[in-house]
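As written, the chain order gives the labels A, B, C, D and E, with residue 1 at the start of each chain.
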């Protein structure tokens, strides 16, 4: 199966091309099924590859499949090649797996959309790009996928482009991502200069062999991190992700929660030897940025009212966790969290999609409530997701989050404890705002009744609303949408199994499955931190984490369900600390002014100089022509002056002197 | 004696020249020109260029100035020019600069070269000899130029015809 | 002394070698005499007789050229004329231009109803003057040639008595021309004072033998200055150019064409004779002066051309700019004047003169066609819509204008290239760059004319220009020549490069 | 040089075929416009076919000039008709050969009277001949002739078939470019003479001979180079000499814009390579920081200026300034990758910007406006049109997988080794590129179409047929650039070796390239 | 005393040349100052005569007749010039009686 690893991207590509050519003819829902089938096929290939790898000796678990020479210019030889190793196959598995589920979901969700097949066109293109991203044998192939997913993200966010906000959000996502890409590209350049190649093999090999200067390695690592910050929506570039919720909900689930946004984490993990070779400060920076983002986004999520915005900020926050892991050297934990997060966050996004679908495209949580009765399956699955993200054992989220916190503390030094505390606080907040959301949506009183008639479909969306408006009643979604929810809920519940920590009470064979699997790629497993006080007290830490989760849940229940305390939702938090609006204001204000100034400069100074010269010539001509008075005596006078000057030059200049 | 002649003739020349420039009436100017031309002729005689002196008087004074006067009369442009008016304020200073500059620089050149001008065997002062020499020179070295002057005269003839012939429109 | 008096050596007269001059004068005489005697003389033939005469004269010059290549250079008629290929080249240029002008004039005059033979005779005589200027080996003869040319041009400029501007042009040209001639003559006198001769061969000999012990010969220097004044006036170099725009504009268009071609060719020929051939020992003295004149002409000619609205006047200023270009070549020729390896300066000037003559006659021919159609209007407006009315003529005009702008694959480019190359070869980079930049400024004016011609539409009522046969032939052959040389200049360059001068 | 491969004088034919077409069109009667179109089609398609054939016959392993055709032209001045192709010029010729038939056949000048299009077609063909010649000339004189002559057809195309401000724009274009050429002309001559005295031994305008044998003193070479460089800098155009470009682009008819952006701007960058780096290696290296700085300024400045444009064509024009900045950056970084990338980017820019102009032209045809503010929501009414625009735009932004990226990437990665900090700044250009293009796209295509745009017609079959080759190249060159790169590279390597031999400069190599390639096996 | 000295002085060539230069300058000035075209011509004649004086003086000094020959030609030229010039003036003044040089300024700029 490894020889045909290229089939993983090839199936979505085929889907893309088929829909491109026949999409309109296929129409709804056939094109959706076609797309889903293609992704499923990819998933099957991935599974096959997984088993192939599994059958190999752990240190030979890397297979490079070169398709063709892509960019060969003398010393720069870049192949279009795919690397099948535990990391990439892990990624492929969950990308295609979750991707398939979301495709299915979308078939239901996008029902009735006039651009139905186009949506799946984009989705398949996205899966294609994403699989290229993760399978890439070198940075450039990854970058191809990296930009490809960015483009798809742009296309999908602005899918409902008639809405100004959607169009703007798409553009914002792309441009912000490009800021990160700048770093990514520079990292490649630096890597090529230092190593003569951009393949992971060569770069990581050089890093491991210690043949890279620390400064170079640090540079590469941090520049890649800049790229990751952009793609994975970390501070300060996270601003595009909340806006990206303008896209259809399956898109949010697939791209802006499960897969694309984790690409940064994947990249850092892929390059982990480079990070190891870099100065320790690099890791610290990553960890700090991750932790700060986690906390920052969590605080914002607390005050959001849009069902998807909460999830979006939550995603940012969880991604921060992953970077905290990366920065702490917990690459396995990062991947682990990535996978579990993919499960539960995709689940919740789809759940929210189901809610939105059922609520006739109403996203304001304040207009929901008590939906569990009307949408029982959605509610049940959502609650699983909630428990998972809140960190309640034994749901998946608990295990991964716990491991990250463990590593953060084990990092030691000045930063270790601080990061750990930040992580804990974030965990409390996470539990709090997720509980808040669940309560607001599924419990409490049904506020949607009073808003039923006022609930107008947002502008430009009327063609997508279905059912009669007259009798407004939220309804459960069709089976095709529920099926993915159920599957994901299952995964979210038991996903932790893939990497249970080495707690005493867990059987040996179950422990560290992911770690062992990923070992050829990521050698720094839990054994790495063995001996630190954190490691020794990890059961204690786990209890602390559980406590935090419960505190968060408890407080939220107290406030929103029991109404013991009046909710405090500062506007500042709802506004995201005014950061986004500040950036926008800057861009629209001084930034735009500066651009305009340059345009003005171009028109008036640079071009003005050109026209000035023309004017000067014309003006000089106008002046000089005044000597041409038409009077013959004047002419003679000028001739005479010429004579005198010439004579003077000859007689005095050349003669007498 | 030579010097006295020189002074007198030069005075004629300069006076005449100034007359041309300064006399408002064109007739007076033309007559002043005659004075100059005679002065030049006197110089020619003093220098032994008898033939040229004769030609100077005959052609210049006799023909050219007469022609001038004839035209003045023919056209009736003997109206005196008001020299106190100069429509272009810069013109007179300019003229002064040009006149003084040209003369001055030429004089400077002449003075600067006065010792380098070679002196050859003086030509005979005899008028006959002068004419002979001139003729010999004219018909040997300058015979082509001499013949070519006829072409120049054709221009004068044909040109005048072209300019002054009364022409009926559309006819040959 | 007395013995010598009786000794008279009649100079030999090489009749055949004088052929071009004789042919031209004879043609003029035939026209005048026969024209005067036979009032029924078919008028249309004047132009063709003139053209034929010019062609014959040019052909004779080609014969002469062959003789010179075979037998070497010499002098004619007792050292009065130089018999060298330089002179023949100028003769050919002058004859070619005269031929074209005659063809253009034909219809121009007939239409105006004044077609005496005098105009043609004057053309031929003026051409004779120019030929003599180009071949003169004696400053006095050169002066006579210059006066012949000038006087004929004065008359021709004033010859359109219908238009006051023509007469104004005539008198301005005359007054200033006389003024400049006086300077020129004084220059000859001063040179004579320094060298005891007016014969170029003897002048050179005098400089070769006399070694100035102390100081400089200020007489000669002042003489050179004044000669440059006279020549500068004739070639229309700034600041002696003042007459040019007025006269070019005022004179009848065919005469303007003649002035710009034959007049300029003769004047530059004289300049080369005087400066490069006769005064190589003072090349370091006169070169800077020429440099300044060249730059001034280039800059002022181009800049002033840009602000004009009358096409004739534009072309007048452009001719000043062209004069600047040619002066660049003269300057280049000055670097090694008098040496055995004379460099590219002289050939480049000769090439430029020939090519520019054809170009400018072609341009003015088109101008005359347009002007006639518009009641004598030569403003830019008159050219509007020409492309719609007469695409072929417009195309020819475009060729001429592009060539004047120095666009490749036209003769103008070859001309400019040659001159600049000569300058660069002598490392006169500054002047080369100034010339090229000035050419760009000047290009603006050619573009303006093209814009009017092609891109603007004229009044509906404007009739199509009538294109008489002879003018059409002239325009067409000039355009063909322009393009031909642009693509295949080798033979002309060969000829120019092989130009020899009599310099003893 | 192996000219033996083909007896057929293909290079000369590439020049003369369009000329012949132009001449025939000129001679044809005005009343039969369809014949003119036919002749134009035949001659341009034949030229295109020959250029494709040339590409096919081209020996990709050869670094020297191929298909050389050399005939003495103006012997007196040492000038010959000397044409040749190497990897650097090959694809520019191909691009020219292919772009012109598309422009001629696919784009009608917005002119109701077909008879008036007679000169239009003739000028286009002449333009093609000029551009072809420029890319193939191996003689300084010949190159100058072609380089200059292209101004004339372009002038008339802009002036005659352009938009409201056409005359001024055409004049500006003509004079601006001519000023640059003025310096080059003097430089060419000086080069020839100085070379003849220093190493060459005789007066010749032959590029190869001069480049190989001439030894210029450093200061001399710099002056000479300066003369050339000014001309090319205007043509490219390099900041701050770029202001003719937006005007010319905006006012030119669509075909003119396509050709201008597609191939004519490349004359400048091509010239910098062929007549800058090759002819004056020392001076080029000496002045490289100036070039690199200007290139980087151009990238950022062009992008910013583009962002603020209100006219769609002007926007694309300014984007050209930015894109060409990348190419200049690549040229003067002097590494194998950067120059190869620069050459490839010349082609890429020609394709994608050409296509952009084509699309903008189609918008204008439909809406008679180029103002962004007048356009809205076109994607809703013309999705295929929007998709085509999107692909071309993404290529222009430099999204990997499309052609624009490969060139840009090679330029940047190559330049990074020799001009690190320039690249750091230049790379931000990719952010800005996304900004201005996406913003424009959003304003034009997104949203609800208003009344005026409701009737925006979908892509027509003919238009699609014209666009398809562009898009095919965009995708192909992005996915599989190897056939292009491997033909370019030998020539570039030879050029770099030449530079190294002449100056002692060492083109930077990645540090561990040797060891890695061993490991890689 | 004075007279003796004067009589003893022989006017050298330089004297003539200086005189000529002065005459030439006066002629040039006159051309710039006078408005009557006829008088402008006369000024040109003055300049030509100045040249003649130079030629003759130099010819005598050199013992070289060329200078005198030159004067002969100048006379012819002057004559021809006057004829042509007067022809032009007549044709103008016929049309515009009394016109001065300043009045003929239609062509300019």
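As a working rule, a residue touches a chain if its C-beta (ideal position, glycine included) is under 8 Å from a C-beta of that chain, and two chains touch if they have at least 3 such contacts.
Worth saying up front: this structure is predicted, and the values here are computed from it rather than measured.
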item: Those chains which touch subunit D and also touch subunit A; value: C
item: Joint neighbours of subunit E and subunit B, given as chain labels; value: A, C
item: Chain whose average C-alpha position is farthest from subunit A's own; value: B
item: Chain closest to the middle, measuring from C-alpha centroids that were averaged per chain; value: D
item: Chain pair, A-B or B-C, that carries the greater number of C-beta contacts; value: B-C
item: Subunit A-subunit C separation of Cα centroids, rounded to whole Å; value: 78
item: Mean-CA-position distance for subunit E and subunit D (Å); value: 66
item: Inter-chain centre distance, subunit C versus subunit E - centres from mean C-alpha coordinates, in Å; value: 27
item: Subunit B: positions in contact with at least two other chains; value: 91, 94-95, 98, 102, 105-106, 108-110, 112, 117-118, 120-121, 133, 136, 141-142, 145, 149, 152, 155-156, 159-160, 163
item: Sites on subunit E at which at least two other chains make contact; value: 17, 24, 27-28, 31-33, 35, 41, 58, 62, 64, 66, 69, 73, 77, 80, 84, 87-89, 91, 101-102, 104-109
item: Multi-chain contact sites of subunit C, meaning residues that touch two or more partners; value: 140, 144, 147, 151, 154-155, 158, 161, 171-172, 175, 179, 183, 186, 190, 193, 196, 199, 215-218, 221-222, 245-246, 441
item: Every chain pair in contact, whichever chains are involved; value: A-B, A-C, A-D, A-E, B-C, B-E, C-D, C-E
item: Residue ranges of subunit C touching subunit D (in the complex, touch as defined); value: 402, 407-409, 413, 417, 420-421, 424-425, 427, 429, 432-433, 436-437, 439-441, 443-444, 447, 451, 454-455, 489-490, 493-494, 497
item: Of all residues in subunit B, those that touch subunit C in their complex; value: 105-106, 108-110, 112-113, 116-118, 120-121, 124, 129, 132-133, 136, 139-145, 148-149, 151-152, 154-156, 158-163, 165, 167, 169-172
item: Touch list for subunit C against partner subunit B, complex; value: 1, 5, 8-11, 13, 25, 28-29, 32, 39-41, 43, 76-81, 113-116, 118-119, 121-122, 125-126, 128-129, 132, 138, 140-141, 144-145, 147-148, 151-152, 154-155, 158-159, 161, 186, 190, 193-194, 196, 199, 212, 215-222
item: List of subunit D residues in touch with subunit A within their complex; value: 172, 176, 239-240, 242-244, 301, 304-305, 307-309, 336-337, 340-341, 377, 379-380, 383, 394, 399-401, 405-406, 409-410, 412-414, 416-417, 420, 423-424, 427-428, 430-431, 434-435, 438-439, 441-442, 445-448, 480-482, 485-486, 489, 493, 508-514, 516-517, 519-520
item: Complex interface listing, subunit A residues touching subunit E; value: 625, 628-633, 636-637, 640
